[in-house]
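This report refers to the structure that appears directly beneath it.
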Amino acid sequence: MSLPYTTSQDKVPFFLMAGSCAIESKDLAYEIAERIKQITDSMGIPFIFKGSYRKANRTKIDSFTGIGDILALEILKEVGQHFQVPTVTDIHESAEAAMAAPYVDVLQIPAFLCRQTDLLAAAAQTGRAVNIKKGQFMSGASMKFAVEKVKHENPEALVYLTDRGNSFGYGDLVVDFRNLPEMAAFQVPVIMDCTHSLQRPNQGSGITGGQPALIETIAKAAIAVGADGLFIETHPNPSIAKSDGANMLPLDQLEGLLEKLMKIREAIL
Amino acid sequence: MSLPYTTSQDKVPFFLMAGSCAIESKDLAYEIAERIKQITDSMGIPFIFKGSYRKANRTKIDSFTGIGDILALEILKEVGQHFQVPTVTDIHESAEAAMAAPYVDVLQIPAFLCRQTDLLAAAAQTGRAVNIKKGQFMSGASMKFAVEKVKHENPEALVYLTDRGNSFGYGDLVVDFRNLPEMAAFQVPVIMDCTHSLQRPNQGSGITGGQPALIETIAKAAIAVGADGLFIETHPNPSIAKSDGANMLPLDQLEGLLEKLMKIREAIL
Amino acid sequence: MSLPYTTSQDKVPFFLMAGSCAIESKDLAYEIAERIKQITDSMGIPFIFKGSYRKANRTKIDSFTGIGDILALEILKEVGQHFQVPTVTDIHESAEAAMAAPYVDVLQIPAFLCRQTDLLAAAAQTGRAVNIKKGQFMSGASMKFAVEKVKHENPEALVYLTDRGNSFGYGDLVVDFRNLPEMAAFQVPVIMDCTHSLQRPNQGSGITGGQPALIETIAKAAIAVGADGLFIETHPNPSIAKSDGANMLPLDQLEGLLEKLMKIREAIL
Amino acid sequence: MSLPYTTSQDKVPFFLMAGSCAIESKDLAYEIAERIKQITDSMGIPFIFKGSYRKANRTKIDSFTGIGDILALEILKEVGQHFQVPTVTDIHESAEAAMAAPYVDVLQIPAFLCRQTDLLAAAAQTGRAVNIKKGQFMSGASMKFAVEKVKHENPEALVYLTDRGNSFGYGDLVVDFRNLPEMAAFQVPVIMDCTHSLQRPNQGSGITGGQPALIETIAKAAIAVGADGLFIETHPNPSIAKSDGANMLPLDQLEGLLEKLMKIREAIL
């Protein structure tokens, strides 16, 4: 599947990496992908469907972690083929790179794992594109070394860098928009994750909180400063989502949000 | 002089609060005011001229602090009258409110002092508009109490709130753009200070550093998320400015920057 | 009154700066001073009585701010004379330095105001000792410049530096114990404020929160790394204190705490 | 090998987890272990020898990562048997748990990986003790869930929790000593990592910096607030160490440091 953009640039529309958090079922994945595809097609926005086959770093041991890796990966592949969209999923250990690569177009490195050399190398070796999330403890400038780890294994690799905020005390994250131009300087497309950057970590309950009312604020600022893409998790009914429900955008708000963002994008082209 | 906006709103152009940092001389003040006035008039951007008559919290005892309070205030007044622009200056102790009020249209409360009840009250009592800078240690939401302190003394007071970043470790500030909508919810115009939010405090040298290449990034994000105004310090030659030179925008870059920002503003109206 | 220590040193017992937050009444001030004096005399710990005549930076406009400046200052003076202990109070604008100096032995500069050159100079000019609280936005190393501002006005001034934590996100402070040796390097006694360093600022309610159960943790670490003095606010019944009740040590726990701390102090002498 | 302490307690001497960072050679490992063993035996301090068989998250792709996993693990085992000391090494992916377990007594979970459920579970399943480093983005209180993940797989598992500081801006870490009593409340031994908590991450050079002069400050504070153990990396000549040299304690300073710390420990027993 053809992927949007190979370097950071501001001469084209931004692209959207979106989907539910975890793959919960085929029906739900199709419902979400179909609706996003309709919206993005009508607006000329390139779309990459995102779904996790496993949640590997939930706060609590008894949180939902998935429906089974291969089952979820097959749903991802079917979504990609049925809707003709590229897909992305996150991997957590190096052995998962080869497992997941046949099913998706982009392998995503979670933020906590962005310094794990073996994982970056394994992802690179598959030949897939690699989307590296910037750790909550990392500067944008330091992500240069993560890009180099991937390129070292596969100089042709398409690498994306995604910001999802930085630790700001224990219970909050802050998005430092200086990181977007810093990361774009490495000649890779840069993405703003408007979902996880609004998490409220380290809650006493063991359930990460969120602030979905601020998704629009984060997204607008990202587009204005030149993000090449946005990462948004969305769900027809976030209150029943099995993970990250506190931060998801209700699916029926996506179109209105993208319309506002496209106007800003056009203003900076 | 008529001041722009009495509440936060997104149906009009943003306004610009700009000038040099300290008033260094009448010639320089006129040069800067004249150029900004030309630019903003041609673009329909309301303009408030800013100048400090005294720098009261320089890091080091031997830093430049001013040319004399009354001398500087008279220059501010002349600039206002000559160019027909409202003016703003910062005050540091409550007795300065009555001293400075006859010369300017807006009294500004420095960020470190935004919780000093006596200072806020004294500013309110003059009847002048009050621009409160958010402390580097304050959330946007907590600025509600600062607004209330002013309104308690003068319920008719026009209050502005300005963000200039939050402490992020010792040597850096981060701008949390969530604060702009949070502060706008108090029904006051909100301003992004694109100069001081890029300071690098706590440098071993005792000279605060900066990152002027990122002014555009901060300004664009601010406009995109709905800032009513921008605060920018500018100088024909920042390298010889007597304070804050490390963060100032070269005056000849102002017009190009504002043109980009106006496009973003129009995209969100 | 003779003040403890003129430079940072580890060959003597630590000293205690303690009292209520605000001076609420003469009876309460005497009750607290008497009890602390008994305890510290029996343990050979030098004691400085602390009381505020005015609270100038309460979060909310309707918070308690004092019983009247001169009335409170006279109580402070009487406490000093009656119990033969030096006293300390905080000032907020430069004009207060001359007002407060005749009543106390030490003038304290609040943390938010630690960069206000005029205030530091005015305190220095009184000839009183000056206790500068490190701003929540300051490194220990940067306090060198605050010390220099005082010494510039009065080279003989006795200066204390007090740490009270650094901003850590919006709703929390963290104590960075690296700051104590950094500040001691300026040849001034360094103090750990075990009360305000446990504040929880920026609460939605406008009432700063606290964690008094952790006072012992902060105090023990401070003594172990060589603090010359401790600052502790205490009250017979913190739940009815008119300010900072959320962080005060119950007066009847002071003796037990000091006993533990003295053992650690002796271990490092 | 018998391990020190199964719960957090203050009635016994602290224990020491120490060694070089990476296993560079058998000779060096023996030299370091022998010297530490002499010192700790003479002082009655339980000792666990630490060595990494692989550095998996170096900043740069061309940094030293190890001499070979099994070769290094065999050296670790020989050190344990020769000096009769328990040993600890860190693992990075779940498959490494079973690989490393036969060679060491404690499996250590790196800070970046402390939320990876599979890794914690795999470590637990080996029956080895598990030392979990608190992530730079985690509160002490949130480590409860990490302990639960291990105990869920192996209710009998001996779990240690180690603090190594929290992100404080991009280029610095701060140690929040409130976390030690918070983690001790989970009834596990708590350890202060005096080496990595002084790192300076996100350096432009890609080489993490350090502040070894402050090791004593961090260690003293930790002992004073009740740490059960200390983690210290040491090297006969830190300037030639192949990783983390910027933060290591010169081996010839270890004895003097421990003597000071033992006095503080005795003062709080």
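Odds and ends about this structure:
Letters A, B, C and D mark the chains in the order given here, with residues in each chain numbered from 1 onward.
Definition applied: contacts are C-beta pairs under 8 Å (C-beta built on N, C-alpha and C of every residue); 3 or more make two chains touch, one makes a residue touch a chain.
Which protein is which chain? UniProt says A, B, C, D = 3-deoxy-8-phosphooctulonate synthase.
Keep in mind that what you see is a predicted model, and the values were worked out from it rather than measured.
Ranking A-B and A-D by contacting C-beta pairs places A-D first. Mostly identical positions are employed by chain B and chain D in their mutual contact, as over half of the interface residue numbers are shared between these two copies.
Here the spacing of chain A and chain D, counted between their Cα centres, is 33 Å.
Note: centroid distance chain B to chain D, computed from Cα atoms, is 48 Å. Averaged C-alpha coordinates put the centre of chain A at 37 Å from the centre of chain B. Residues of chain A in contact with at least two other chains: 166, 168, 170-171.
Against chain D, the residues of chain B that register as touching in their complex are 168-172. On the chain B side of its complex with chain A, the touching residues are 166, 168, 174-178, 180-181, 211, 214, 217-218, 220-225, 260, 263-264, 266-268. By the touch rule above, chain D contacts chain A in their complex via residues 56-61, 65, 92-95, 112-113, 115-119, 135-139, 141-142, 144-145, 148-149, 152, 166-167, 170-171, 201-202, 204, 206.
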